[in-house]
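One chain, subunit A, appears in both complexes that follow, with subunit B as partner in the first and subunit C in the second.
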Partner chain A sequence: MLNIEKQIENESWVLKLTGEIDASNSVELDAAMSQVVENGAKIILIDCSGLEYISSAGLGVFMSYLEEFEENNIKMAIYALKEKVFQVFHILGLDQLITIKHTKEEALEG
Partner chain B sequence: MNSQLRLYCDTAQLSDLRQFLEAILKQTQLSEVEQHQVILAVEEVCANMIIHSHDCNSKEFIDLNVISSQSMLVFEIVDFGEGFNILEYQEPEISQVIKSKRKGGIGIILVKRIMDKIEFESFENKNVCRLYKNLNSK
Partner chain C sequence: MLKIPTPNIGKVSILVAILTWLALLFVDITRIFQSVNQMENTLAPEISYILEILFFILVYIFYNHSINKNENIDFLNLIWRGVSTGLLASFITLAINIFYRMLGESKLGSDPLLNNFFYHVNFAFLTLFLVSCSLLWKHLILYQKTKKVVQQWQAFEVLMLMSMFFVFFNGNNLDYSFLFGLVFLTIFSASLSINLKWIPYLTFKEKWKSILFLVIILICTTYLFSGMLSYSDSDITFLNLTDNLFLLGLFAFVFIYTLFSFLVTLFNLPTSSVFEQKLVEAINFQRLSQSIKPGQDESQVLDILIDSSMSASYADGGWLEILDKDQIPQLIQKRFIDEDIRQEIITLFQTIKPFSEFEWTLDDNDARKFYGKIPHNIYKSAFLIPLVVNKKTIGRMYLVKEVRDGFNKEMINIITTFVGQASISVENYRLLNEAIKTERYKEELKIAQRVQRSLLPKELHHNEKFEICGFSVAADEVGGDYYETKNLEEGVFAIIIGDVSGKGTSAAFNMSQMKGIFHSLVQLNPSPGEFLYKANTALSQCLERNHFITTSYFLLDTVQQSIRYSRAGHCPTLFYDHSENKAEYLSADGLGLGIVRNTNYRNYIHESEFSYEKEDVLVLYTDGIIEATNKKGEEFGYNNLKTTLVKYKHLSADKIQKEIINHVYQFVGEGGIPDDDFSIMVIKFNS
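This part shows the complex of A and B:
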């Protein structure tokens, strides 16, 4: 089960992910990401405080946007990852390629 | 101790797989982070088979046998058909995955980095992939 709440706060879009992301539902994350991009988001904050699990299908969604975000000057930051979920990003070295922070405030600072 | 699970080839079954594995791993001395990683590695192999070897055909299935001893866990994943040889698969570079904006291809990298040993064998129509996790390794 995955729940995605979208919220706009000041100039940032916040996507709050709750539950588990695997190959059965990663398309939902993809759809939510492309929707905020279409809405002209320049800052996207991903709240992962409720995220219990992510497989490569979910990681692949984040990775597929990195080039586009770089080209279009869109900032994305992930925050409040649980340690077990953070370690999955770390195994692939994605913590070096994606901005990952502890809190929303830190994420906003970039 | 041995435990078995039959997974029909539908990605909706992956959450059942995680629950099954969680119950087994809870009984080991692996940390929460390590348990999580082992669940992920087994799921990556199963998801790969469900999607790529069986085209998500829910009439087909794969069988998972978990053999646990004090020092090791062995996850034996059996399917019938063309088979996916994880050992021959050339993982892409992460930078290439990002450049090509493809959404797949990184699952097997995770499996190889998490597990201690991987075997694959194919005989006639039957394929067996074995993932080993040492319980004493740090």
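This part shows the complex of A and C:
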């Protein structure tokens, strides 16, 4: 089960992910991301405070946008990751490529 | 024992009937002979009456038997039997009349004995005709019988039986009691004669034939009746057998039923086409509801659909379109309409309501019907109905008529039912095809599984200085985990473990690519870092944008007792250090393959080296082990893996592996299914 809430706060888009991301619903995340990009978002914040689990397919979604974001100067930051989920990002090495912060404020700064 | 052959009721009854008739004739002739010769009359009329009743009953038994024998005779044949008997009886009466007319006033013409003989012949055939005809009508009356009708008929038979004996009470005088009996029988016959359920089942042609037959029977009956009356009017010297309540009652019954049948059939003629139509519709409905047999296809059902719909609505033209794979309507069936005119009408439909309101994508199309006038010089009204399967519109059918307002509620209802049934048949057919396809995919997947199994090594390279074993299980039929070894030079081994992102078939394809890359690169004897860099470059060309592979690559040198390794986003390797009696995860930085697809990847590669000693254990695994989840939603986790290894460190490599796998399964619990592919390799150093 994955629930995605989208909202705009001061020019930045906030995606709140709740539940689990696996191979079956990673397409939903992908659809949400591409929709946000199409809407011309320049700053995307991803609130993972409610995210319990992410599989490699879910990581693949974030990964696939990295190049595009760099080219179009879109900033993406993930915040409030649970320790267990952060470990998944860390082991893969994605924390070296994606800004991962503890809070929303830190994410906005950085 | 003596065998008595079972008597043939038909033959016996007709034989006895003939004998009875002869006896009756003999009695009457004797009586006339006595009266002519003015002798004393020794024979009471009751003897004749008894013989007469006996004759009636025998004829009844004979016909009852002979008609019941041919139970499944059709209506027309039944009526024809009545016609043939009637014609025979009439012909004989006519012949006797002509014979007497020819005799004229001659002596023979007034001979009472001869007259009496012919009278008896007449009487016999009249009885045959009336009894047989009544029994035939009985079959018609009791067609689709109800209990009430059967009881009514039985009462009628009892009444008729009683009327035979009426002669004993009043001696065939036309008094009030006789008249009363006759009127009563006539009314009863009339009430029986409303049972005409057989008529609607005749086709139009059969109705015409039966009308002809019924007219013949009516004429015969009238003729025979008038012939009979002429006997009672004439001053006959012999005993009157025919002024009998039974015979007159039968006359009334046969005549009334024939008349009713004739009239009802006649008035049913104009509506018979409607009844036939309904029958055809019922049959069409049944044909539509039979699922499509193997080897047939949808078009056969659609063929029946358009034909039935057109005949149900008397449409002058029609066609049917079905959406193809690309959602483009394709003309499947076309009836009685030129292509040019069809195109004209299609153009009209796009502008005229309600037809222009049709949309393929609406999900309530199954409740929609479109009908109305169209401004066309040939076709004045049209009807459009969508074919809907599972809320999805798969096609549409058009019907056009040359008259205005040509489609009424009944037609639309029946066509809607046809369309619904045909849609169900088409859906069943499609589901069946899909099931067959799925079955084939399953077979293909089994083959893929076999092929993929063979991609994982059966034997792992090693020497006497270490033990090694590996195990892998996929969550689906095929998986994305990979491990392999290679003996590079004396005492040096390359060991790799990898995990492709995602699972299932796509993961399996990428896993086989990884194997290819490993076997190509390992020949160059690269350092672990160099291996990762080259593998990343190669995979960047072939992995989909959102896929990546994690891997750990080890160079094990058994001479130096050292291990050099690099980690590309793969789960950290677990190492048990015997000298410190401690297990730790080897943490080296790294990034999965295929995430950064340019030369920058080099910045994320780190190489580490460490030495090992005897009794040390190395455990390589994929995240399926760490993420194995029990019913409470807890993961097996890194700690469990570590403590399990420490607990069983003293065992041999394959036993350690077995224990770890057992612990994972025990943790997941009974009936737990691995949600992800999981693999494990255990290396234990002997020296």
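Brief remarks on what is shown
What we mean here is this: the second predicted complex is superposed on the first by the 110 of 110 C-alpha atoms of A that agree within 3 Å, B and C clash if a C-alpha of one lies under 4 Å from a C-alpha of the other, contacts with A are read in each partner's own complex, and residues count from 1 in each chain.
We adopt the following convention: a contact is a pair of C-beta atoms (placed from the backbone, for glycine too) under 8 Å apart; a residue touches a chain by one contact, two chains touch by 3 or more.
Since this is a predicted model, take the numbers as computed values, not measurements.
Of the two partner chains placed by superposition, A:106 touches none, neither subunit B nor subunit C. When both complexes are overlaid on chain A, the residue A:64 reaches subunit B and subunit C alike. When the two structures are aligned on the shared chain, A:83 is found in touch with subunit B, with no touch to subunit C. Counted by residues of subunit A touched, the larger count belongs to B, out of subunit B and subunit C.
Touch criterion met: A:24 reaches subunit B, while subunit C stays clear of it. Subunit A uses residues 22-23, 30, 53, 55-57, 59-61, 63-64, 66-67, 84, 88, 91-94, 97 to touch subunit B in one structure and subunit C in the other.
In the complex of the two chains, the subunit A residues touching subunit C come out as 22-23, 30, 53, 55-57, 59-61, 63-64, 66-67, 84, 88, 91-94, 96-97. For subunit B in complex with subunit A, the residues that touch the partner chain are 11-12, 14-15, 18, 32-33, 36-37, 39-40, 43-44, 47, 50-51, 94, 97-99, 101-107, 109-110, 113-114. Those residues of subunit C lying in contact with subunit A across their complex are 499, 501-504, 545-548, 550, 568-572, 589-592, 595-597, 604, 623, 627, 635, 675-676.
Chain contact summary for the complex, subunit A toward subunit B: residues 1, 20, 22-24, 26, 30, 53, 55-57, 59-61, 63-68, 83-85, 87-88, 91-94, 97.
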